[in-house]
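Below are the C-alpha cells for one structure; questions will follow.
Chains: A, B, C and D, in written order; residue numbering restarts at 1 for each.
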C-alpha cells in the first residue's frame, strides 16, 4: 500500500480545518508562555495553503505539493513557526523527490526530513520544550511501526499518537529555546504551543490516510 | 450679641476640618457632573488657610482675617471655585471693613457680600445649578432671621439650613454655568458640588457661632 | 489604581522635575512659584506667550514651551486651573517688554484665574492680551452653557501664534493670529475608557465595554451622548461630520488634520483614525495639506481620540511650517 | 475589547494606510508586498538600513523610516515576525548598490525570517549584513535561553546607524557602528497592565492590582519576576540597578537615557520615571548627556515603561545629534 499526492492534498486540507478550529486554543497556549500569536499564525498560514491548493495541477507529485505548501507557509506564517515548519516541509519535499507513490519507508523518511529540517533551522534538542518534542517521538514511532510492517495509515497513526503524547510531555519541562525560554521555572505546567500544533498536523496526516 | 475675629478664625478652622472630612464626597459629586477635583481643590485651599491662621496677629479684625483667607484661597484652590470663593470672601472682607464686632446686620451684609462677589465673577443666576443656589437662599434666610430678631448664631443657623436645602434643591436642575452645563439633561439627579461645599462652609460658620 | 507615581499629590511637581531634567536645553522649571519658562526668556522685544491650565493633559502645555511656541506654561493641580499668582509670576518672568499674550482654554476656572492674573499684570504695568480657545464642537455654544470647551486645538493656536511672535509680530498682531486660528478650527473627541485621577484613585467616568462617550471632554466631561461602540471608521465619520458641518468647512478648503490621542490610545489606532479621517475629508473635497498624529492634549491615560481640523491660508501655513523646538513638537531646527 | 479599529485582521494595513496618508513627504507604503520605504529610496551609493518585526510596537519600526534613519521597515502581523519574501521585497526596493544592513531584534522568529531573506538577497546579488539587537537585561543571556531580547534600544541603533549611513559610511562601517551601539546599551522594563491583542481580544497577560511584571518583554513576555507594585522611584531604582550593573556602566561614563512608554502610559508618568532615573544615574557618577522620553517601542496599549542606557563616545554623540526626519523622531531639519 502507498500514498500519493491526493493524500498530501487531503492532509493539508484537514490541517487547515483543524488549525482554524484550534486557533483560539493554540493562541491561549502561546499567551501562557509566549506572545499569543501561534494560533493566528498557523491559521493564517494554512488558510493560504488551502487557497493555494485550488490551483495545484492534477499531475503534481507529493514532493511538488509539499514544496508549494512549504513556500506558502514560509511567506505567510512569519514568527518562529513559519521558517521552522516551512524548512521542515521543504526538506520533506526534497526527501519525496519525484516519487508519485510513497510507501511506508518513504513516509518515515518524509517525517524524518521534516524533523531534521526543523532542527537544522532551530537548533533545538529534545527536551527543550519545542515542537521538536512532538516531532522526534513521532518519527521514532513511525519508524518502529514501519519496521513492524504497518501500512502507511498505521505508520501515520502511530506518529500522530506519539506526537500527541510528546506534546503533552512538554508540560513539565523548562523551555530552552524560543520565547518560552525566558520564563525559566514559570514555563512548568504549560504545554508548548508549537508541539501542540505539530500534534494537530500529524493527526491530520493520519486522518487523511484513514483508508490506507 | 455680636461675633468677633475669633469667630472668623473658628469658622475657617471648622471649614478646613469638614472639607477634609468631605473631600472624597465632594470629589465624587464633581466626578458625576464635572471633573472630579472639587474636593481636592477645597481641601487644598482650606489646608493652606489653616496653616495661615497660625500666623494671624492677635489684634486682627474680622475683615482682616477674611482678607487673608480670601487671598490664600485665590492662590491655592485654582479651578472655578478658587476665584469664586476668593472674590466672595474678599467682598465680605470689604463689607466688614474695620469693624471688630459683627452684629446681626453685619453678618447678613457679610453673607450678602460673599454671594454678590460670586455672582459678579461667575455671572450665574439662581437656578443655574451652581453654588449661587446655596448662597442666595442662605442670604435670604439670614436676612429674614435678622428681621425676626435672631442672634448672630441664629442667623447663621438659618443660613446654614437654607444653604443645605438649596444644595439639595440643585439636584433636579439642568446646569447653565460651569462644567456641568455641558451635560444638558444628564445633569438632572446630581447635586452641584459647589453648592454642597457652600452648605458645608455655612454649617461650619454656624457651628463656630455655637454659643452666640 | 496602577500608576508609575510616588505620591498622588507630588505628581505634578515630579513630572516637572523629569521635564526639567530631560529638556534643560529648552526650558527651565520654577517650582515655587510653579511655572515652566523657555530657556533664555525673557526675550527683549518679543511678545511672550503664556498658557496653562489644569495638569493631566501632558504634553499640553508644558511640552510646548520653547522656541517658536510658548514662553511659559503654568500647570495647575491635576484638572484644576492654576491660580492667578502663578500665572502672574510666569508673566513677569517672561515679559520681554513687548507685552504678553494669554492663551486660555475656555473653562470657567481658567478664564477666571487668567482674568485675575491679567489684572495683576496690568497693575504691574505689563500689557496683557487674552485669547480664548474654544474648539470643541461637542458642546453647544449657547447662553445655556459655559460655552465651547478648549481641547486639542490649543496646540495649533500655540504653534502658530508662537511662530508669529517669533517672527517679531506685535502683541495685537499675535493676538489677532491666535484668534484667527481659533476661529478657523473645530475639534471633537470620543472616549472609550476614562483616565484615573491620582488623588481619588477613581476613573473620571465609567462606561461598559459596549459604549463610548461621543464628544468627550479632556477632563472626562461628558459630551453629546453615550453611544454604542462602533468600528473606528464609523466613529470617525461621526466626528468628521460634526466637525466639518460646524465651521463649516467646504470643498476646496486646505486643512490641517490633527488626530490626537487622549493618553492611553496606541499610535496604531491613531493612524487607523487618521486614515479614515483623511479619506473622508478628501471625499468632501477638502485638501489635507498638513497632518499631525500623536498624543498632544491628553486626559491622563484615557483611551480615546479627538480630531481637529484647521482651515489654512498661506500665512497660517507658513507659520505652521516655521521652526519649532519644544519637548513635544520639533521641526526646522 | 475596546479599540478604535475596524477589523482585527486589518489593523496593520489600516495603520499603514494612516501612516502613508499622514507622512507622504517622508515615506511610501507598499501594501502588496507589505513594507514601508523611505521616499526617494533607493539612494544610489548609500548603505540602506532595513528593520522590521512583528507589528503592535508602533512607532517601532515604521515610524523610524526616513532621512537619517531607516530606508525600509517591514511590519509583520501583530507580534509575528514578517516573512522572508517581504523582507526581501523591501531589500530590493531600497538597495542603492552599497549593500543593505538588517537590524534584527533577537527573537527566534525575526532571526530566522531575516536569515532567509538574506539568503534570497545573496541569491539576487545584494550584499546584506545583519546586526542583532539584544539590549534587554531582564533575560539571562545563556545557553539556556534564546538569548537576550531586543527592545527599545532598537530605536538608538536605528538612529545612530542611520546617521552613519547618511554620512556615507560603507556597509561594514555602518554594521560596526550598529554593533557598537548594541554592545554599549542595556535596557529593562516593567509592565503594569497588558495590552489586548486585537485578534484574540485577550490581554497578553494578567496581573492583579497589586503586582507588576519586572523585566517585561514587548510582547508581554514575562521577565524576571512578578513583584508587588511599589512607588515609581523604587521601581526605577530596581531597573537602574539591573541595567547599570550589567554592562557595567561606571562613574564618568557619558550616557544617553531613554525612558520609553509601552503604549498606555501617560507622558506624565514617563517624566516621573525619567526624573528618578536621571537622579539615580547622577548619584552613580554618570553624566546624562542626552535624553529621550516618549512611547517609541510599545506593546499595543500596555501600561508600563522601559529604561535604556547607552554609553556615548564622541562619535556616537555626533551621530545621535545628526539630523533625522521620520514620523516619530525629528530634529536638525
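The rule is simple: a contact is a pair of C-beta atoms (placed from the backbone, for glycine too) under 8 Å apart; a residue touches a chain by one contact, two chains touch by 3 or more.
These numbers were taken from a predicted model, which means no experiment stands behind them.
One simple way to say how far apart two chains are is to compare their mean CA positions; for chain A and chain D this gives 32 Å.
Between the Cα centres of chain A and chain B there is a gap of 76 Å.
For the pair chain B and chain D, the distance between mean C-alpha positions equals 55 Å.
Taken as a contact graph, the chains are arranged in an open line, each linked only to its neighbours along the path. Contact between chains, as defined at the top, is found for A-D, B-C, C-D.
In the complex of the two chains, the chain B residues touching chain C come out as 24, 27-28, 31, 34-37, 39-41, 44, 74-84, 121-122, 176-179, 181-183, 186.
By the touch criterion stated above, chain C contacts chain B in their complex at residues 54, 76-86, 107-109, 112-113, 115-116, 138-139, 143-146, 149, 197, 199-200, 202, 204-205, 217, 219-223.
The touching residues of chain C, when paired with chain D in their complex, are 1-7, 11-12, 14-19, 21-23, 55-56, 58-59, 63, 192-193, 195, 209, 212, 229, 231-233, 235, 259, 263-275, 278-279, 288, 291-293, 295, 298, 300-301, 303-305, 327-328, 330-333.
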